[in-house]
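Structures follow.
Note that chain A is present in both complexes that follow, paired respectively with chain B and with chain C.
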Partner chain A sequence: MNGRKPTAEGAQDEWLDQQLEALWSADPFELQHTEKRRLLVPLLTLLDSHHRSHCPEYERVARLGFGSVTDQSLEELPFLAVRLFKSLSLKSVDDDRVFKTLQSSGTSGQVPARVFLDQATSKRQSRALVKILQGSLGRARLPMLIIDSPAVLRDRTLFSARGAGIQGLSFFGRDHTYALDESMSPNWQAIDGFINRYSDQPVLIFGFTFMVWVHLIQSLESNGRKLALPQGVLMHSGGWKKLEDRKVNNSEFKARARDALGVEKVINFYGMAEQVGSIFVECDQGHLHTPVFADVVVRDSATLAPLPAGEVGLLQVVSVLPTSYPGHSLLTEDLGQLLGEDDCPCGRKGRYFSVLGRLPRSEVRGCSDTQQEAS
Partner chain B sequence: MTNQDILVDCFTTALAITSDTVTEALAYNSIPEWDSIAHMTLVAELESRFGVMMDTDDIIDMSSVAKAKAILGKYGVAFEG
Partner chain C sequence: MSVVVLAGHDLPKLAQQTTRTCFDPVVVAFCQSVSQSLLKHPQARQYPELVALGFWLRESHLRRLQHRADVPKGIVQLPVGLVLHFTPANVDTMFVYSWVCSLLMGNKNLLRLSSNDSPVKRILLGILKDLFERPEYEPLACRNLFVSYPRDSGIGEDFSLMADARVIWGGDESVRAIRRLPCKPRCRDIPFADRYSVSLINGDQLTTGDLQSVAERLWRDIEPYRQMACSSPRVIFWLGSDELQEALMRCLDSLAQETEVSPGRSMDHLVAAQWLQAQDAAAGPIRSGPLSVVPVTCFRPELLLTHPGQSLCYLVSIDRLEQLEQQLDERCQTLSYWGVESSALWQWLESSTGPVMDRVVPVGQALDFSVVWDGVNLLNQLSRQVTAW
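Up next, the complex of A and B:
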């Protein structure tokens, strides 16, 4: 990084993509603290100034309570409360450059969050997802069983977060087979056909955690059935809120999924609809890892001060991918803790963390209101 | 049928577009018909018609008709002219 940054608009996208080239060619989990910060922080600083000059709502929030950003620290970077994507139209490009609007209804099912994507951002998201997941899944595309209904992707104008997740993961699959029918019941014929074709080879199974639990694992268990995909990998993601209500945690989910689906591996990943492509994948130790394109800061839920490893607080997620909307630094409503940096026994470098659930609603309102005053 | 004819056929079938739309410069996401869902249909069509298996990098790199030809070339599918 030579530190020269263009100030002219338009040149910024190009500069960012040039700098990202270095990240694309690297192993996403090999950079250690100092080197990763040296690459990441200038990119995030550039994104901060890009969004300040192109998104008035972001500028108002960023100006409030955040000092001028130095090139040194991840912790000093301004952040947006993620729920602002529900109340505001947060956009850093002209309307004619938005080619896709992602909608996420969230668990509460109130006003959907809206994320505006242009071609450049969308392309970076796909590339990042591929780079990150190649480490867990390899380069070859695997026969893929999708634990959802084909109806999710039918209406292409209504691009849901669920649809986006399925589509992103579809790049890793071939012979995409939907395991559920339109009423979200198991399509046994499709499932049995898939098992007959591929039981003796590596396969990819993907679904959202709650859907996999309710519509497949519980259906299999209540029907006294078990699948057998001994070389299968189940990847799953999505909120744990509804499963927590049912007293199902990650290890319970893993054990029951392995048993019911007869798969070799169950891998959870964490990611926000507001940061598609920037995902945190679980390793064999059960730790969520930050790839080179992204990072995490844990903050005290009352003071929002950054916390050291081991302390529980709100997760702030950063990503260098989005230029069309100010989603490069987001304060989530999820609680978690930093577990360490560069020293996970699995060998991946960078920070690793765990997610411990959602902040209770009343507290969330408190901290989001603080952010909202600015808008 | 030449490989070029088969290629055009794959695009028109997978994306439901007319053959005159399939120029070298036609790019992914530049028309509503070639979105990420149709992209996977296109990949499946190319794989079955040319008997190749593409990896995840190929799918990301296949950003235009010209790129599709270059990637197929890597797997030994030759395009005359």
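Up next, the complex of A and C:
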């Protein structure tokens, strides 16, 4: 790697951005693993030491749990349990540089996670999103139908993860049309207007998996209606937990979405509020792909040791984007498996994987709960 | 919104019944039958808390309780009337103890069970239902009603107004909410709110010959209820030499190997450990495996907020007993000890000016239920002491 690692504070951001240039200029899915590791590992090592020197909480967890900084491999990088973002304020910048605080909606009744963004991190996130999605959506801005209510973007200072997702994707669209009203029912007038204007051209439809299912697909089905957007692409994300409970899997979702919305393609992606920007998009094979800015490690859910391809474990996601909060390496509570590296039939390079649902939460609570159970 | 009867007859029947005498022979026989059913039950063996309950309910043990409860001359012990029990969601056998205390005192009982399902609860309710169907236990089937109902349905209010005493198991918030329900002016509340428990091991007394037996006793306290009962020790205070500390943890770890583990346990332990480390409350390295041990530099009760149970121990080193006082508060329920002279402990407790726990018992007996619980004598509280001469 060229360029010396600076020690002076503040210069690190700049150095990181310089090194990132190599990643920005590459096709996000073109680097084979040796080349990708050669670029990624030094950047992640740099982020590790950046967060150690700017976030005392991260420093302690890294030192006590993982030892000193190493730059050997992805697998040796310290990781934070993603749940910590709910109970702690984790940031690597001064308060006055935080210009946006992302708040994950979380499961109902739970404390939301908080993610602190500065300008530099936020900019990197948007840029990465563009690089990753250009392959699927092209360069032109498409007419965009958002399967959500406009109310979700109202409070601009406290960003919900839903709002952030919509904002991020909105960059690829124009004539942003909200398909749901404030009560989350279909706004048929808006939807019909959109179809009248754009049924004969490529359009982008975006929403969170569960909302698309409940508020659009099921509404259409129960009303005996079908939309026709033959050149449309539906992008959706947000996890399968609630749909699993209703026994709806990805292929069922795809088939019913295609049928109800009359779209050409349905593309799922995996990402989280704690790592906005580095998302993992599904290919035609249904595999989720790691872009050049990010990677995944699958860890045994009992021992937390890295697992080889084919074995199911916890997903650890790494990303070179976050400098304002220690989110470059996170152990999620999602279960998944590595499917392979560099050899997906779709042609994309890098690791590819699948998500298989959430780690079951233990129900233990103790003497302490006469009432809090669901009733 | 309705009441679901889980065991027993129905509300009108319950209301019609009279109370019975204390230590009524039918009640004692019934407890003995529950004990036999539990100890014979093919699945009960997997749950140490059920086996312990089975032993506790044996007639010989109850007779000893009666003997000890012998009331002074000039006092007659009589039931209070109808006792309403709010039971905890996940520690399924605790409420049985307080219920049986109430039963022994001759009371009628109405018990609200949570809607959560668990194998332990299923086994218990199955046994009770079977026994209630036997003709000899008909009087008990009429006088004890196990129900569930949705909270915020107004049913809690109605029940509360009928009660002469309320036994309330729950977290601080739940206990507060339940105590706000309207009740008779002379209704007694026996609340069991959030508590935590700790162990004390004297490293100076520990020899390699002791390791296995100390580990087994500690494990007897840690394992039941997946370490989530109020009395389950979650903190081990280590007094004196730490020479055999690691060896003891290894012994504990191999005992822990045999238990069934929930899939989220390692994640829960990681979250707890990282949360402590991030706040500078824990030191490394951390032992993680079937038993996780996090060395905590200075304990404070708030550090238990994220404690997920399932065999995770905070390990705190101290040099003097007095250091316990600074780190514990009034929420500490049980201190179980090993290798400390009980006389030294009593001396310390008596001279202590700070808050003192409600139970001090040898390691291995932390979960043994006694009729004096959380500082309250349940047999006395669930009866009236009538003076008569």
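Descriptive notes on the structure:
We adopt the following convention: the second predicted complex is superposed on the first by the 357 of 375 C-alpha atoms of A that agree within 3 Å, B and C clash if a C-alpha of one lies under 4 Å from a C-alpha of the other, contacts with A are read in each partner's own complex, and residues count from 1 in each chain.
Here is the rule we go by: a contact is a pair of C-beta atoms (placed from the backbone, for glycine too) under 8 Å apart; a residue touches a chain by one contact, two chains touch by 3 or more.
The shown structure was predicted, so the numbers you read here are calculated from the model rather than taken from an experiment.
Of the two partner chains placed around the shared chain by superposition, neither chain B nor chain C is touched by A:L261. Here chain B and chain C are compared by how many residues of chain A each touches, and C touches more. In the superposition on chain A, A:L64 contacts chain C only, with no contact to chain B.
Once the two complexes are laid over each other on the shared chain, residue contacts for A:V317 go to neither chain B nor chain C. When the two structures are aligned on the shared chain, A:L288 is found in touch with neither chain B nor chain C. Shared-chain residue A:E333: touches chain C; no touch with chain B.
In the superposition on chain A, A:L43 makes contact with neither chain B nor chain C. Chain A residues in contact with chain B (one complex) as well as with chain C (other complex) do not exist.
The touching residues of chain A, when paired with chain C in their complex, are 56-58, 60-61, 63-65, 80-81, 83-84, 87-88, 90, 301-304, 314, 331, 333, 359-375.
Contacts from chain B toward chain A in the complex involve residues 29, 32, 35-37, 40, 44, 47, 53-57, 59-60, 63. Those residues of chain A lying in contact with chain B across their complex are 99, 119, 122-123, 126-127, 130, 133-134, 139-141, 153, 156, 167, 170-176.
Taken together, the chain C residues at the contact with chain A in this complex read 86-91, 94, 112, 114-116, 150-151, 168-175, 177-178, 192, 194-195, 225-226, 228-230, 261-268, 270-271, 273-275, 277-280, 282-286, 306, 308-310.
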